[in-house]
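For reference, chains read A, B, C, D, E and F in written order, and residue numbers begin at 1 within each chain.
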Amino acid sequence: MKVTVSRKAHFNAAHRLFRKDWGFEKNDEIFGKCNNPNFHGHNYELIVSVTGEIDKETGFVIDMKILKDIIKSEIEDAFDHKNLNLEVPEFKELNPTAENIAVVIYNKIKPKLDDVMELEITLYETPRNFVSYSGA
Amino acid sequence: MKVTVSRKAHFNAAHRLFRKDWGFEKNDEIFGKCNNPNFHGHNYELIVSVTGEIDKETGFVIDMKILKDIIKSEIEDAFDHKNLNLEVPEFKELNPTAENIAVVIYNKIKPKLDDVMELEITLYETPRNFVSYSGA
Amino acid sequence: MKVTVSRKAHFNAAHRLFRKDWGFEKNDEIFGKCNNPNFHGHNYELIVSVTGEIDKETGFVIDMKILKDIIKSEIEDAFDHKNLNLEVPEFKELNPTAENIAVVIYNKIKPKLDDVMELEITLYETPRNFVSYSGA
Amino acid sequence: MKVTVSRKAHFNAAHRLFRKDWGFEKNDEIFGKCNNPNFHGHNYELIVSVTGEIDKETGFVIDMKILKDIIKSEIEDAFDHKNLNLEVPEFKELNPTAENIAVVIYNKIKPKLDDVMELEITLYETPRNFVSYSGA
Amino acid sequence: MKVTVSRKAHFNAAHRLFRKDWGFEKNDEIFGKCNNPNFHGHNYELIVSVTGEIDKETGFVIDMKILKDIIKSEIEDAFDHKNLNLEVPEFKELNPTAENIAVVIYNKIKPKLDDVMELEITLYETPRNFVSYSGA
Amino acid sequence: MKVTVSRKAHFNAAHRLFRKDWGFEKNDEIFGKCNNPNFHGHNYELIVSVTGEIDKETGFVIDMKILKDIIKSEIEDAFDHKNLNLEVPEFKELNPTAENIAVVIYNKIKPKLDDVMELEITLYETPRNFVSYSGA
């Protein structure tokens, strides 16, 4: 019996969408006000969903306290109250779009889980815009 | 790397559930108070989800501004503050249940997207009732 | 010790904003698309807040079951799945703006409460627009 | 055309996570404060999602009133304002984790639906922790 | 310039509504299924609102970290995953209605704040029922 | 009959809490991670509440379209996707705490309203932290 267990978390961060190898005009055309060189920011709401068999002993797929700790050490401590472009190594050369942030979060959490577990990341950039990624 | 990008939108509309080819009694039996001939209405909350590869150049699956514009021109301009039964051509002969509205929205948005994109429509008729359709 | 007790409820309805004594052009200028003669509709979310002393015996300001029943008989049964303009007597000559609906709800619930109770009505017409009225 | 229809419901209950065949120390190590012998409780928010073909006659996958009645008789009447460990037979020998509760709810609702319908249960134990199960 | 600063928090707890000095029948008549002797429970959502002058130096009415710590030590540590009737001393002789819980929370937090600060407590017992108390 | 009309809006922005006349250590002690020199950011959710008499002619306290336009021109155009410290003149010498932002928003909107209208600003910095200011 496979069940999906989900945990919500959040972090606040500044970011800017742009490519160093494009001039300001092209960045402005593609990224609009998201290309503000002084940055803007978001309250990112994160849902981490882990799918696996229910452990007969405990009745858990994964202990929620363990999942909460993984999210804290891998994501919240690394991203919260940070400037994603300047302070988070994964985005030194990668544009911090919601899509790319979701992939980075997936890649940071996946190795911390038992191999048989499936993982899906849902990331709200604003209450009206969100993305999800499950490694496929 | 396939990522799903979702955008929330909303529209307010009046509607009535009934079939012209049924008498009032049968409509009343099946549709209950939703068959009120004077109409009732809803704040429809809509989530449009597009799945595709992340563009390496931009970091986007689809530019959210473009998706927002498609939703506005295809759905909000056509449905908002309208009587679905009387003013939206797709429902002239089709009962505007949440299920049918979701299919109509899917069919209006799908041709505006790149063919390789997958689409899912989630439609909240009330905060407690919602439907989703992905073309299958 | 005065405590305020609040109960959420909801109803779906169709309405139209207009004045019979104005022509279509003036109605259109003032009420815009809310003046659609075929009606549009909303999921109205209602919060009824009653303020009074805590009863020493029960620990209640008002029994929530009683408040729930008052809301059901006075508001939900009268407004839900109705056309406010055509089917709710209070709006036969009164424009069903959110402001006026809140006042009507206040006037229907107030007489059902103990005289010493204070009442406030909060009415969401959409998730982004709401009004409140407390009889002053 | 397969559409998924979802209905939200809720129930309040007390529970305790523990195994009778473990001593207090092991229960405490695994279940922490959820093992409080005096119980604690939750507002469980439930989403029941049914997938099937749209009925051409009615435009419904399933009549929402019927789905609402199934949820009421099978789940709300059985679980609401109850102590899950002491009063709900399914948990006499089964630890009432969110995962196990979701499976129990699935197993109670599935036989009430037409065989061709697919079912998914999503259960929020708190606003930040939730699980889902679809019988696989 | 007086500003109100609010912080949301939450705790899960079991409780039962009843009076020791009433028989089961009267308790049942007044408190219905909330009088279940085996307890039931809630996710209580709490909003603590502090009103005072903005400090010219810091731009804060109160440092949110300090307010968060007060809520944690006074309320979350004392109430979370507890049985309110059996384990929280304030409710040994006081019926744990939402109204009474709000007053107890007010009385625990108020002495921890600067005397000139005003305090309001809002407590959601369920997403549809909530109470507020400001000491008057 | 005085009614309060509220409209929700939102803007995303980067900011940093610090005082130029304090050294880094004191800023760090008081503002913690909010003092990150590279900025962090938020999705600010704003509620603008206007209280006044219902206009007998229109049934409105204030036309919601007019209120929406005032919020757009005064607040969203000025703050959205901006760095509050570097790009919004009001915060050149004023620490952009939620409290101070609420006061600035109040002072920008108040002169655009009829003098007899009362105004309250509620600003969510995160889903769990918010402030309100009504000019007193």
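Note that contacts are C-beta pairs under 8 Å (C-beta built on N, C-alpha and C of every residue); 3 or more make two chains touch, one makes a residue touch a chain.
These figures come from a predicted structure and were not determined experimentally.
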{"item": "Length of the shortest touching-chain route, chain B through to chain D", "value": "1"}
{"item": "Far-end chain from chain B, centres as C-alpha averages", "value": "E"}
{"item": "Chain pair among B-C, D-E or B-D whose interface repeats that of A-B, sharing over half of the contact pairs by residue number", "value": "B-D"}
{"item": "Interface residue identity across copies chain D, chain E - same or different by half", "value": "same"}
{"item": "Chain whose average C-alpha position is farthest from chain A's own", "value": "C"}
{"item": "Distance from the mean Cα position of chain C to that of chain A, given in whole angstrom", "value": "41"}
{"item": "Cα-centroid distance, chain C relative to chain F, in whole angstrom", "value": "29"}
{"item": "Sequence positions of chain A contacting 2 or more other chains", "value": "127"}
{"item": "All chain pairs that touch each other", "value": "A-B, A-D, A-F, B-C, B-D, C-E, C-F, D-E, E-F"}
{"item": "Contact set on chain E toward chain D in their complex", "value": "10, 12-15, 33-34, 36, 38-43, 45, 80-83, 86-87, 126-127"}
{"item": "Chain D - residues contacting chain B, complex", "value": "1-9, 54, 57-61, 63-65"}
{"item": "Chain F to chain E touching residues, read off their complex", "value": "17, 19, 30-32, 94-100, 102-103, 127-133, 136"}
